[in-house]
Structures are given as structure tokens and as C-alpha cells.
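Each structure below appears as C-alpha cells.
Each of the next two complexes has chain A plus one other chain: chain B in the first, chain C in the second.
Moving on, here comes the complex of A and B:
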């Protein structure tokens, strides 16, 4: 799970994440599709997990597809990959147990990637899961991938040297957050972590102490990429990962350029989502977002088949949005990255005050201040619209600009004095100005306190932090309510520091309801999370939902097939091709 | 001369020692925890504490400093989490870029050198040339043009000049490729064409200062007695100006150039950012933003080395240029 400050270079919200409606460039102009909803499901038909992936209309083989990004990818080692750039680059050279089939139109199906299906819930209690490995899946050297290599990949993720990657599977297997103290990878390289076994080369078996119904989702992250033990170079695998996907690393000039060539041993018949259209993918690092977008707009030479991984910065939004010729070369899509005004419920205990905060906010004004529809889209729920089981509602209907009268009525003549803690970055400063104005016109007295940008997240994660309100952002790792509501609103998880539950909300009835839903079969959980979402807001209002981030990307005239990932909110390259 | 060099190198070493101690102490004065940057996600307090222990951050400061300096001289073992053995000169391991800091520096330093050295040659030639011409043709249209040019250069900002150059030569006329760095030995033409705009932008801005400085110095020198004597003795103007006046006028220019080039080699962050080049400057700024302390330490030290060396070089050049200066 990743919570991030809603901030980005140049004032544009570039850090978007997780779930969300996705869109392919239709050339219809800069209008965000606000109606698309997640239709995500887990595939039940094994045929869904078989390859080859459906051909992309108009796509041809050949050419070099370039991706320009300001900063390098933090990790290429799949077991350490968790950044958005890493998560979008990794599918080109790594395969996982499961993956998302994303149609670019809001439809999302979890399918088997290396596995034949998205997993078998052996006893229907979510405690024992089995995955059968497909025939014909191979590494870049042509050797077959079996359950042993997948298990080895998971085992090495226990190595404390290999920090940075997701830790769901490790923590669930070890049944503790201190998983690396429960099983020592370095001392047991020839064995496997507790609960993980390979009864035969085709079978991978997980046995957990507690029900883990989200396992099929969790194994869609790069933690489950396979690796042969003899290819494990420890921390140096970052420089040269060993491929199981359609491309392999040809050359990696760390921090400058990453070149991927076709992997001849990848078999499209085994892969339900990836293609191998371009001869080469080149990631180029260095240019700022302004420079990168200017390059793809200029559309010269190799940049014709390039995309700027950094979204269109605020300084160029007007120019890009108003140029009709560029509409064909931009992608505008809401993402699953949700932003809230988080209420510290330990300090703001009066429900009426929290409800008044919800009525007072002018979402429309806030979004306009941030840059308009190319930056943000309003949100009134805890879960973003793309979540499986999402239920649209507005617990405190106040219109686009807020309802000051209703807020004042709830306050009953009081003037609550609240402290708003904000990071000292441009985006949060802009938001603070708007929020303070909104709340003070409704009768609140707001004191804004700046927090150093790089320290803010750590500070608000401390239980005894001194602020009443702060701006929060949450991007889940898969579109399931289980990856949002229990993480953010289960009060039993509150500790002295390092809290994801930053509203410090704790209600026994809500906690019990979460337990009940988590015990349900995964397919039945979706609508229940939607109902719980509404109940938490109506009964407790621990936050004011504000908006979801919007992705706005630009590419060259020959770059085709790119869409914004429904899962991570960044450009996906599985369908990318170079137009003739 | 040898005595002078030994003395200067000794004082340079002392300066660098002081910088290294201050930079190291800065690690602990900063409000952030170096480990939190190394383990940004899913790191609970217990895990962070284990990482701190593994990295030796619980050792006394003197032990940590001694280990760092020993690494620079003899190399050291950083442990498997930091790539194992780190050969000398070991500048530590960056958890942000996930590589030895020396490797980062080895990658970005040539970029900065490739920007700064040709640009410095250009700005010195242009600046000193304009200053001289302006002084020798004082009051003429040439002087006014040169002064106007230098005033314009001195008033503009690099990010503006750079953006205009990019817009005109790269995005509109398409005469030049998008700025990038290619190693000189790999392809000299691509090296030059990828960096020429950065050279021009830097040279335009810096030459302005040098033009004004060298003009003022030259005018002052031309009014000195030794110039009048040389002319009275019948020496030709070019000889008087070129061999006598120029040498005397240029010493302050050399001083300023030494400081400018030394500082620029430590990083030209605005130039690098404007042209999308990853040199020392951007690396240093990125390291500060990311709290990448080993990289901050290395970039500060290397920048200090350049400034100190540039000053030693300036002192040596003084003696070569001005016969009145003797090194002791």
C-alpha cells in the first residue's frame, strides 16, 4: 500500500497511483471520462489466462519505443520493485503469478500470468492457495520456469538486503510484519519460507495462519517474479535483472538509459496480456517533465515514437490542451489515487464538527485552483470509483461548491479552532489556501502550520501528532476494498508511529464488520466494502474525500497502444507499438 | 616553487579535512533520518532500527567518520546490503540510486566536465576578447556594442536563455538535436552537438562579467606608467598591448575565472536542469531532495576539491603571467 502526499513537480499532480478508470487515447479531446467504473473481476475461466493476447488494431512489429523520464527507476530487481515507474517497466521483462488484463476502457480482469489460473482457494477458507505453472514459460536463456524458480523469487524477497518491494506475501507467510526475523533467507537459501512449498515443478502452494483472500491480487505484484538461484546477484540484480518477459535487458547505463531487446524465448501463446511489437524499448532518464513533454510535442526523429512518462506539467497544460493538433497525442484519464482532508479523530471528537467540515468544502474551487480537470476529479467516497464493489454516494451533499449554511447549522454557533498541517510543497500550499478559505467562511478558525515536505508523511503517521487536519493521499496496490478500508480505518492497527490509519479512527463495530467482510469469499466482498464505505462516512466522517488525481500524458505521433493502467494510474506499455 | 606547492597542498588538505568533517556532521544535523530514505515503504520502526544497526549508524560519530575516510583511502567492506566490498576510493553506497556513490560520480562527473570546460574556454575567449577590444576602442561603436552585449548577458538568467535557445534551435528550426550527453571518445560530433547549447548559454552569461572586468582592468593598465614607457620607447602597439598590458590586466580575471570554473565543476545545476543533463549539480540537488546523504557527502567533497585545486592553479598561473609575482 502506498500513501503519498498529493504533490508533484511544477504544481501538477503527477504522482498518481493504483486503480482507476483507464483510457486509451481516442483523440476526442481533453475531456475526462467521469463515468467509467471499474468492472474488475477475477477470471474464473482458465481460457482467460491463456495467450496470446488479442492483437492491437493497427499495431505492427518493429521500431524503437522510447520512454522519457526525469528520474531513474529506483529498482529493476522485481523483488524490490514498488515505484510506479518500476511497476510499469517491470512487465516488459518480468512475469508474475497473476496479472491484470486491462482493456483500456475500464474493464479489468485478474488472470493467471505464469500460473494457469488466478489461483485455487483449496479449502475455500483463503488459508491454502495453489497455483499451477503454465507449460512453455521460459527464462531469457531458454530454460523452463517452474514452481521452484517462482518460489525462489518469493524466498529472496525475505532478504533484508533487498528492501523496497511490496511485503504482503512475506508478512502473510510469516504471519508477522517482522517477517525477516521469522525466516532467514541468507541462512536457508536452499529451503523455502514457512508456508511456501512446491509439491512438484508445476505446483506452488501457500499456507497461511490466517485467511488471505486477497492473495490472487497480491501475487500480481513483482514479488512473485521467478529467478534461478544461480542468476541471483543480490543487490546487483538491480543493474541487470534476469528476464522472464517479452523483453530482456540489453544495456543498462544506470541513471542514463535502459535498453530492452526482444527476448526470443518468450512465447506469446503463454501470455494473456503482453505483446512484443517494438524491436526495442528505450527508457531515457534526465530531462525534466517540461523538457520531456516539449520533446514529444516537437515530434522530431526518435521522439516521434516516444512518450513522456512524467505527465504534462502545469506550465504546459494550457498550451497542450488548447492545441487541437495535439489532442490526438495526449491521454487524459482519472486515476485511482484518492486525496482526502484527513481529520485527526483523536483531536476532533465531535461528529457534528467533522460533518460540518464535509459540508464546508468547495471541491470545484479546489480543483480549479489546482489546475482543473487535467489535474483532479471530485470524489465523495472513501474508495475511488475504480474499486471493485464501488458504490457511488455523497454522505454530505453540498453541491460542487459546498454548503456553508448547512455547515454553520451543524456547528450551532461554535467557532472550532483547528490546526491544518500541510507540507511545504507547492500543491499542498495551494490546497491549504483554498481549504482555509472554505472552512473559515463556514465558521471555523483555521491555523495553517507548515511541515517540511520530506518529513510530513513520517510526522502525520505518528499517533500523537499535533495537527487536527492534514492532506492525505492513498493509492492501493490492487482494486479491492480490502486494500483500502481495513488499512486506513481499522483502529486496532494504530501504534505509536508508522500508521496508515492517519485519522486514528477506531470503532469496534466497524472493526468487526471489516473482519466479517474479510472472511467472505473474495468474489462476495466487493459490494460489502462499498456498503461499509458509505457507513463509515455517514456514521463517523473520519475524512473529507476531496478528489482523485488525473493522468495527463503526451506522446509522439508514432507512439501507439499506450493507455493509463487501471491498476497503477500510469502509462502501460504492454500494448505499445511504433506506428509506421 | 616546490616549497610553495607543498605549502598550498598542505593547506588544501586541511581545508578538505574541515569540509569533510563539517559535511559528515551535517548528516546528523539534518532533521531527517538517513535510514527512512533508504527504506521508504513498509518499514516499521523495528525494521528501521535493524537497518540503522546494520549500517553502523549507532556507532560513535568518530568511528563512523574514521570508517568513511578509511574507505576513501583503502576501501572497505560495506556488507551485502550495500554491494559488499567497496574498493578505494569508496564514497559509500546510495540507497536511493542503489549503487556505489563512486559509480554515480564516475557517471555524472564527465557530464559536468564536458559542460564546464568547453564553456569556460568559450566564455574566457569571448569575455576577455570583448573586454580588450572594448578597452582599446573606448568610446567607439564597438565599445558600446560590447558593453551592451555584456549588460544584456549579465541581466539575463540561464534558464531563460537556455529555454529560448532550445525553442529556436531544437524545437523550431530543428538545427540541433535535443541536448544529451555522449562520451567524447564515443562520438565527438554527437558530444559537441548535444552540449553546444549549454556551452553557448553559459558562455553568454559568464562572458558578460569577464568582458566588463577585463575592460575595466585593461583601461586601468593602459593608464599605468610602464605602458606609457613602453610606448615611449617605440614598441609597437600590438606588442605593448599583447605582451605587457594584457598580462598585467588579466591577473584579476584569472582569479575570478579560477573561482568560477572551480565552483562550476562542482555542479552547474541550472544549466543541467535547463538542458536535461545529469551532471554533478543535478545529482547533488536530487540527493538533497531525496535525503541521499552518502551522495550529498561525496558531491560536497568533490566540489570542495575542485575549488581548492582551482585556487592552487590560479596561484601558479599568477607567477606564469605576471613576472612581478614570485612563489614562496
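Moving on, here comes the complex of A and C:
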């Protein structure tokens, strides 16, 4: 009996292996379009900001569009929305002052959303900005949206209880990072924060102490979603946000399912980007990435009009990518999320060592270790290609696999001993193994030190952290150099803890150049950031640029109109529709 | 003076064997020799024992195998991977050079990593199983035989250990220990990680053996042969290890043979929550755990480690069974 069972088990395993072995892997597959570039900047023609949005070819009304995601959306309250899932869900039920008209191919135009234009720079000094609110914009109960409700939305974002959202507008208005102490929302619910005013119901006015040329970008974040004071339920707004967009919350089973129904008071003529094709949007939470992708691939029943918000996991990539029939049902697109091997310049002071690291890096091998071209694309610049004014360059040209000899030559026979701190999660462990092998071939001695996964980010943000190298990631909130280079490489902002400048790089000349560019009009800044990017890498090499994340999403055969947002790198649903 | 069951049956067998081979003369055989003879007669035991021996020899001969094979466990062959990091060619990149193919992603040789991993994993599992069995046997026999307050205390400690949350303590202890002995910039050597793993397993694993042994000893302690030994004035050590222990080897061996494969898989699971070994140290358990992600896309990667652990666990269990049968004087075979 036992022997027969053993034979059966052995036979089954042999069969599985035989099935796997019967096809030869010749290495052909999908490729990602990497050379696309961001075009257009801020709409100057007010017509661009007017609705309705252009019809999507082949789209029709009706049906239920399902989005499957492993974990719930952390916040639905627009003023607290900052997670990628939240930022992609929010446009369905919230409108902002400005928004991005995105063709999904890198063509981005910043247009007015509730505002008629993406802002008026009143004195051309970026200190005073005015927005005119459109006619005909309404809440889900039919009442019109005026500048008062938008201002109230911004005011409530000062509430220290409503944490989690972006803080740009608040910090700029208060001119301090401790904005909630500068102006207390709870004590002044009927007034407005300093610098914010509504001269009339159609006008919203921002006055800043310093030039804030990125304001039109910053108000494209959900902080500027309008809210009526009487509808403000405080922390409970998370469960049921009050809609100003094309859909409204019909039912929210927290952590399980979120159902959005059409909002009849949303007027397509006022909206330059959103559509209202499906009858319903349903967000389902729970299935793992593997399970969700397998479900949409299987394409049964309701899953035909579903998308997996979690990308195709590395373990399934080869199978999905090599199936020609699935090609129509996958979306592959580079994202603006850039990853670097951050060099702690406080510890690694020798520029030659930093340059040698840049020569030594084997990006091709690293990307293979991560799961290949559907997971990551090589990057040699500080800013990702999807940035306005991006300049393609490679300051340390060493080919796809790195140039070990050049690195050894720069090191001049010495063997720098560096400690690489990595989180103890699967991905970073894999990367650490790869980087150690790669860099040790080039003459470094690398010690891998594990950091508990949940503590890693906090630890490397501490100025006196004990590691020489660590893996860093930056996804900007808008595709402008101003939201990348000054944030990551301005040494004057270094504090004891919570640093974004994780290479602790500080150079007076670079700091001064940043100040000069920040004072330029927004439209002229782009190319200047591109030049500064190259200068930082050439002169200082504070990081080794590694790769940008690639979005690889799978959806059912009837899910249409989904594209990867050029701003956030996740599926956008403004054009989503259910195919007949 | 009545004999213990083991010796009694041994005598009976000797006598019955004596009838058939009267000409050869009377052959005196110890219980150990008898068990050995029975084991040799059992074909399952011979085959599974040979397999175990093979695994142990492979694990011990790692440096020789590596020398003959010519590839190290950390060498990467990423030029033999496609754009998705999957091995080129048939069955996960199996070639004359790479017998079991390559790991997807990092492109390391599966065969040599398996051989290395076998050594790590077998060492951890054996060490942990031996230590837990030793602690369990000593505490179990002492508690069962002496009873009274000793039994109460041992039981109380057992309950306390069982109540301690294994994962939480493992998670809390490992990084703290590593930090206690090594700075934030020092690599933690594999020997230390292995030691910590074995210690954690030993700390938590002894309870089941202790309870098992205690129960068996309680059942035996009022038997005539024990009373007889006690009446003859035998000391505690003699009572425990000469009188009681030989009669309860069978369940101990079975639990030991089940514990070894269980520790191999636990080691893998622990590696993945950041306790125990890092990716640098080749480990069999970790390899199996990682390969499961590729079940759909690179089944060959799952196949080789999967078949090996299947064979290993199967051989352990069969051999454990056979050993139990051989040692059990009441066994009919």
C-alpha cells in the first residue's frame, strides 16, 4: 500500500517536471517602450481645461468594473489620501483644483479641474496665485461647488487628526513644516488658514511668503477636493467621502469591498478628463497578487471586466508574458518610481569610490534578479524619464553589465569595505545577494547587514545611520524636477531623523543652483533641472541610479480604457469602461 | 527475579533459534544484535537506510563534490537567463555543466547549492532533533519516574514552554542576539545564525518528547522488573537508563525521525520571516520555500529540491518505522 502511494506521488512529480521540461525557453518575449518622454506641461489655453473629455474609442455605457487589490485603500477621505491606490481611486469621487490630462503614453497636460485654468500667477513672482471656479460644478446632492468649499477642504487638511495626506499646500501657506501649530483648524473652523482667501464664490486666492512656483502641480493632489462644512464628519469621512466626481460611494464594507455608483449631478461638460462609462465601480480587497492575476487571466464571469490592481508578480511574469493570447489583456509601462543604490556620502567621502560603484554596477543582472524587463527598466539618471525636462545621459558609461575593469582602475588597487544595509524582505534580500556578487567582482568588499523590514525606512532616514549603502526609492508627487532634486539632494534640509536626502549629500554650489532654478518661471525650469541632474551625477555621484519600476497589469477581456498613469505609475480609471 | 520484557523476549528468541541450529551450538545474542539482525532482514529498512547514508555522505563530502563539479554555490550565470530572469533551454536550464539547471533571477547553479544546502539543513535538523530528544528524555524519565514535586515542576515548565509564542519569541530574540554579539556594521556569520536557529528549536522542541517519555515511564514504573531492580537496590541512574529507557526507545525514535524533516521545513519558514539564515548561506529549506513561487513558470526549479526533500523525508520516516519494528520485542515481523 505504502509503496503504491509512493509510486503514485513520484509519478505525479515526474509528470509535472516533464510538462515543464517539454518546451525550450529561447528567450523571446515582450519588450517595454522606454524611450517615451513627457511632453507638454501646463495648459495655457483655457479650452484645454473645459469638458467634456474626448470620448474613448469603442467605449460604451453600462456594466460593472471590478478592481481587485490585496490590501484595502488606507484612506478614502481626500484630504488624507496619499497612497497610490487612494490616489487612483480618488478621482472617481473627488475633483481637485487642477488635474492631469494623461494619454497614458507620457503625454501630460496639467489642466484646470474645478478651476477654469491651472492657476494664474498674479504678480509673476509665484507668491500670489488665483484660481477661478468653473460654472456648473456640483456635489453629489446637487448643490454647487464654490471657492468656499474648496477652501474648507484645504483648511481641514490642517487638522492634526486627519493625518496621512500630502502636506505641500499646508506647509507653503503656513511657511513652516509645523503647519498645524501655526494655524489651529479646530479652533478656527469658520475661518481660513493664513494666506488662503475667497474674495468671491468664484475665486480662490493663495498668498505665500516665498515663491511657490509648483503650486499648480501641488493642487492636483486630493488636498484640494471640496467639502461642505456640514458634510464634514471628521475621521469618519474615510468611510463615506462626500462626492464631487462622476461616482459616489454607494456601499463601503470597510476592508472588504467598496461600491461606487454613478453621481447624477456630475456634469461631463465641466470635466476635462473623467468619464462615466460603467454603471458601477467595485473595489474588492483580499486576494493576493498571485490569486488576483490568476483570476483575471482565467477570465470567468464578473472577472472578465476586472483588473488586478496589484501587478503581475515575478513568479507569474514569464508565464503571462510568453502567452501571446494574453498580450491584449496586459498593460506594460515604465513608471516614475526610481530606485537607487544610495551612497551615504557622510561615510563614503572618496568621490573615486562612488564613481567606481557607478562603473561597476551590473544593471542588467540586477533586473534579471528582480524578474526582468516587466519588473524594472535600467536608469542612469537621478530623475526618471517621465519627468518634465528629463535629459538622457549616462555619466559613467559602462554598458548594461557594468565595467569591472574601469571600476578597479578607479579604486587603484585598494579594496573599500562597504556595509550594505537591506530590509529582510524577499526582494531586497535578492537584490543584496546580486549586488554583493556584482560589486565584489569589481574589487569591493561588501558586508550585507539585514535590517528588519518595517524599520528599514526609518533607520536609513536617520542622519547617523551606520551603513554605507542602502537601496532607496523615490516616486515624485508630480513629474517636475522641483519635486525630485531639491527634495533628495538639498543638503540644507538634513535633520537628525526623517530625511529624504538619504545620501546626506550637501554641496553649497549645488544648493545655490537649486535656488536659482526654483526662482525661474515653471515653464523654464524643466531643462534646467535636466542639466543639474547631470551635473550632480558627474561631479558628486551621491547615488548609483539603478532602475525604474515597470507597471505590468493584467485585466479581463471586457475591461477597457485602463492605462498606467504617467504621474503615479498605477492603473488610472478615468477612461475605464466595460466592453460589450 | 523477573526479567525485563526486552531481555525476556530476547531469551525466547534465542531459545527458539537454538532448536533449529542445535548443531551450530548455542549462540548468545544481545538485544542490540537482535535488533540489528531484524533490521538487516527488513528490505525497506535497508533501502531507506542506504538512502539516508547517501544523503549524509553527500552532505559530508561537500568540498570534494564542489571540487569535482567545478562551480561554487555563489557563482552566478546570468548570461544563461532570458530577459525575465528565467533560465534558457530545457527544464530550467539543465545542461551537462549545470546538472539541475539554474535558479531563476540570480542564475546560481541549483545542484551545487542543493548539495551545500543539504549540509546546512541536515546539520540544523539533526542537531536540533538530538538536543530536543536529549532534553526531552532526561526531563521526561526523571519526572515520570520520580513523580511528586519533581514531576510537578517539570510539568509546569513544560506547560510554560508550550504557552510561549514560538514565532514572537523567535522574531524578538534573533535580531537582539545578533545585535548583542555583532555591531550594526558587522556581518553576522552563518555559524552564529545556525547556532541561534538550533537553540531556538531546542528551546521550544523538547516539550513533546518530554511528555511522551514521561507518559511511557509512568506506565512502566510500577512493572515487576522495575520493582525488582529497585528492590535489588539499583541507583537512580541505573533505574532510568538501564531499566526504563531501553523499553521506551521505540516511541522516541519515531518522534525523532519525524522531528528531523519537520525542522528542515521550519528552518525554511523561519528564514523567510527574517529569523535564521540569510540568503548568502545556501540552505535546502530556503531553496524549497523560494522555488514554490516558480511552480507555474519554472517547474524544474521546484522539481529537483522537491524530489530531494520528498526522498529525504520519506527515507527518514520509513527508516524510523523499520527501526521501531526492529527494536520492539513484541513486533511480529
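What we mean here is this: the second predicted complex is superposed on the first by the 550 of 580 C-alpha atoms of A that agree within 3 Å, B and C clash if a C-alpha of one lies under 4 Å from a C-alpha of the other, contacts with A are read in each partner's own complex, and residues count from 1 in each chain.
Keep this in mind: contacts are C-beta pairs under 8 Å (C-beta built on N, C-alpha and C of every residue); 3 or more make two chains touch, one makes a residue touch a chain.
Small disclaimer: the values here were computed from a predicted structure and weren't measured.
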Partner chain in contact with A:295 - chain B first, chain C second, else both or neither: first
Which superposed partner A:400 touches (first chain B, second chain C, both, neither): neither
Touching partner for A:285 - first (chain B), second (chain C), both, neither: first
Which superposed partner A:314 touches (first chain B, second chain C, both, neither): second
Touching partner for A:177 - first (chain B), second (chain C), both, neither: first
Partner chain(s) touched by A:426 [first = chain B, second = chain C, both, neither]: second
Contacts of A:74 with chain B and chain C, given as first, second, both or neither: first
A:239 touches, of chain B and chain C: first, second, both or neither? first
Chain B versus chain C as contact partner of A:373, first or second or both or neither: second
Common interface positions of chain A, toward chain B and toward chain C: 2, 452
Chain A contact footprint on chain C (complex, rising order): 74, 76, 78, 81-94, 104-107, 175, 183-188, 272, 274, 278-280, 290, 293-300, 302-303, 306-307, 310, 314, 318
In the complex with chain A, residue positions of chain B that touch it: 31-33, 36, 38-47, 50-51, 54, 79-84, 95-99, 103-104, 107-108, 166, 170-171, 174, 177-178, 180-181, 273, 275-278, 286, 289, 291
Interfacial residue positions of chain A with respect to chain B in the complex: 2, 71-72, 74-75, 82, 160-161, 163-164, 166-167, 177-178, 180, 186, 234-236, 238-239, 253-256, 285-288, 291-292, 294-295, 297-298, 300-301, 303, 452, 454-455, 458, 496-498
Contact set on chain A toward chain C in their complex: 2, 6, 9-10, 13, 16-17, 19-21, 23-29, 31, 313-319, 321, 362, 364-365, 367-374, 419, 424-426, 429-430, 432-434, 436-437, 447-450, 452-453, 466-467
